[in-house]
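The two complexes that follow have chain A in common; it is paired with chain B in the first and with chain C in the second.
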Partner chain A sequence: MRVLIYLIVGLASLTSWAGPVWYPMPAEAYQFGRKYPDAQRLLYAFDYGHALVYERLLHSRGKINDAAEFEKKILSEVLAILKNPPNVKVEEDEIAPDYVYKFPLTVNAFDWSHMLHQFVLDVLATAPDRGKVMKARVNEIFSQYKANHLLAITDVCKTMLFMDGHYFSKAFRRTFPSFNLLIWSYHWFQIRLYEALLKPTEMERNFAVKKTVDDFWALISNLPDSAEFDMMPDTATEAPTFAKLFPRIPPAFDNNHMLHDIVSDILVSSRVADSDIRKEGVRTARMAQDPDAFRSNICPEP
Partner chain B sequence: MTKGLFLSLALCFSSLAMAHTAMPGPAFYRSLTNKIRPDGHFRIYMPDGRHQDVTYHFKFAKPIYPEPIVTDQNWGVGDTIRLFWDRIVFDDESYLEVGGERLPLTCVFVSGQDNRFSKGGMLTPEFLIRIYLVANDFACEGPIRKGWPQIGGKKEAWDTYMHYEVRDPTIMLPQDAVLRYRWNEINAVLIDKGN
Partner chain C sequence: MTFLNLFLLACTLTGAFANAQDVALARAGELGCHRIERLRDLGRIDEGYLNKFQALRIEDISTGGAKFRFTAFQAPGLNGSAHQIELLMDSAGKTIGNHKETKNTDGVSPVWPDKDPVTLTESGFHYIIENEAINPDVRPFFIALSEAVIAQVQENGQTVAKVQFKNTQSAKVLEVTLKTDGTVISTQVK
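Right after this comes the complex of A and B.
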């Protein structure tokens, strides 16, 4: 009966989806979740949590009198989701219809990029070796990602000014420091999984994934003190083996993560007029796609 | 009598001329896409008089197909229906304005039919061009989602668009317009206010 309920819930969630489609899907798609269900469910919960926060911020613009109280309330809601995460991918337009409608290009680009994230994890979780076969497969999927010029976020390194150099920058982390650290902990978890999956033996990989899950819980156990990030974690630092093997993918992930922070700032900053939100969303998403915008000649070293 | 004979001869010649018209290449169909009106003003009439106006403006950016896709359906000798499809991305300044809300108009999808080589009746239009001016989809993938129904879920991809038909490419008049706004569909009528 329980399986049937999960199946129905799964199909129902699929029916809402009208974002970009990766077709045909890689043979490995969503196999990471079969091997590491706890980690996969956390990833689904992050998607849920991100969308929920964006929607709440959009609806609460200009109406938040007590930021600390707002943050406490939404943190408790999101932590409840993290502790009881969904079994299937929940589509953003189900949770955050107005956010999705306000940020169409950003959401399109996120959808596409999140599929790359997921499929790379799926390949790493299932590849028979840690060498040629795995490497070729990840690069193949990355090439498919990049071929979609209309949606791909660039793999060229950007300076931190891309995230922090706008008139509305840092509004989110200044107003909601704990929630910002939770989001950076999401990013940390996602990139640490790549590193964990590159351990030479399956036993080591299983152990490393479990440790990453445990470390994530420790990171968010007592926010803001438990997560000591001064800056958004970057892929090359947190996943050096992965960055050496696939040097072009980390910038694509980091640019995606920076764009998430930008969206949070747009939603929180009173300097962005309501009527400009959609325009700023398109403008900043275009920057994320543009290899020349905020281009950095120095990429973080693994 | 003379008038009737003249008319019959004229019809005969025009049919012969049509039969010998060479079928055009994809560039011709791209030229039809390029003729789509770049601005439009429509009205959704309401019984209580609180009518809703919808406007759009677009500028072409880059074609998704290098040239339109063209295929022929042969129904017999001298009876061919030519189908064509085109897809072009719009510039970021393009918009669809509904109820004062300006949405990014992201691309056009054209699904057309060239009936000039078929044995249609006198009332069959030479062209039937279905135009979708799509909002919010920067990938321009639709109207049916890739891989559907095997991948499950929703059949259609676009939550918001302006759709209309053009039956005469000389004037490119939008007809039978329908606005789809966040999946809800409603009929609209072109309002030509002039410039």
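Right after this comes the complex of A and C.
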């Protein structure tokens, strides 16, 4: 029996990658998806799409002769995923093993942060009212998130220079502007869901979530013109009620979103040597975790 | 559907797009820079509006549905005229129209080795936005900004960018000196 257990564990370690585990899982976990399956499946599709794009960019470094054609091809692949999204979260190492190898800390920090995203949505979707109980529960989840110092992305606001102030910055949006707008539309969708779920009545919440889904499809209906973002959408602007109620969480989400753009820039920029990708990935992930790196003056006190 | 339900639905509909906030002139200026980048990235304007950018003007016009007029100028040619692009923005700094004016000239601009001059000017804007609330000397450049000009100069043996901001409330100038990679070296209100 012991041999069998060792064998199973051994095989598992060869075939899978151990991401962070949130233990114990919140009682509300994944209830958002039961109530709002279309929105939940889109969130799963975003994770899938992000991993797929990162892997494609990594494999295509230095080999893209026609950026517009590459963008068109990859956009059509991702749009197909969005139109037929997965029912469960897809493990990134299965879609993007090289990306997972090159960005070990980033991937784990994203996973941890995505769990926070998910569980906050789950609490907001299931809490009976919008009052003290819901607020306490979200703050409890957030405290659990922050307690993991090895993986938590900081909740201290960063300046725009965190995203745009590196030698490789803006490479992704300059090369693939439509794809960049698709990713900003993902960010917009994620943060607008929080606002939708803070409507006072269940009927309004249901309506607002559906409208957010519809608005997302409108945003990506005719890229690049349909998504009118000049800058990455930020949580305090797009979800002001949520930001007022939970002032520490928006910076954590925005820092996560900025780190996604940084990864895209590292993968696309010819200024980053192939041999430096892993190093830059770890360096920028640590910056995302460090409350003092690119610290902004415009932020509520932690 | 009851009257209450209809009322709540109406509230939701009107609230859906009510999150845009009015912005200050410096914020509108920064958003104008981002719009220039977007237009260039999408191939709607040529590279010159980014790489030969030299100055911008921002005005509160509050007319015809537009709140701000943002004009970006390329380096002027020998006859003093410069290609320019004008953006009209709403009170949230969202561009609602643009107009290019191509002059019969082509200005000579310095070659920027790292970041383009629009991005460097943005870094200057970030300094204003980050510090207006804590530094009273910076505040007029946030609320009453009128123009910004960028120049490439040699200082202490290195090539640097100097972005000078002016405002309509005083004759003072805010000068932000940056490395060509966008790192702020120093700032001075004079």
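As a convention for this text, the second predicted complex is superposed on the first by the 281 of 302 C-alpha atoms of A that agree within 3 Å, B and C clash if a C-alpha of one lies under 4 Å from a C-alpha of the other, contacts with A are read in each partner's own complex, and residues count from 1 in each chain.
Going forward, a contact is a pair of C-beta atoms (placed from the backbone, for glycine too) under 8 Å apart; a residue touches a chain by one contact, two chains touch by 3 or more.
No experiment lies behind these values; they were computed from the predicted model shown.
Colleague: Report for A:P177: first if it touches chain B alone, second if chain C alone, otherwise both or neither.
Modeller: second
Colleague: Per the overlay, which chain contacts more chain A residues, chain B or chain C?
Modeller: Of chain B and chain C, C contacts more residues of chain A.
Colleague: A:P86 contacts which: chain B (first), chain C (second), both, neither?
Modeller: A:P86 sits against neither chain B nor chain C.
Colleague: For A:V21, is the partner it touches chain B (first), chain C (second), both, or none of the two (neither)?
Modeller: Only chain B is touched by A:V21; chain C is not.
Colleague: So, A:N148: does it touch chain B (first), chain C (second), both, or neither?
Modeller: In the superposition, A:N148 touches chain B alone.
Colleague: Quick check on the superposed pair: does A:E204 touch chain B, chain C, both, or neither? Answer first, second, both or neither.
Modeller: second
Colleague: Can you list the chain C residues touching chain A in their complex?
Modeller: Chain C residues touching chain A: 5, 8-9, 11-12, 16, 19-21, 31, 34-35, 37-38, 41-42, 94-95, 114, 119, 122-123, 126, 129-131, 133-134, 181-183.
Colleague: Hey, which residues of chain A end up touching chain C in the complex?
Modeller: So the residues of chain A in touch with chain C come to 159-161, 164-165, 167, 170, 173-174, 177, 195, 199, 201, 203-204, 207-208, 211, 215, 224, 228, 230-231, 237-240, 296-298.
Colleague: Using the touch definition up top, name the residues of chain A that touch chain B in the complex.
Modeller: By the definition above, chain A touches chain B via 11, 14-18, 20-21, 23-25, 97, 101, 104-105, 108-109, 112, 148, 150-151, 278, 282, 286.
Colleague: In their shared complex, at which residues does chain B touch chain A?
Modeller: 64, 89, 92, 102-104, 106, 135-141, 145-147, 151-154, 156-159, 182
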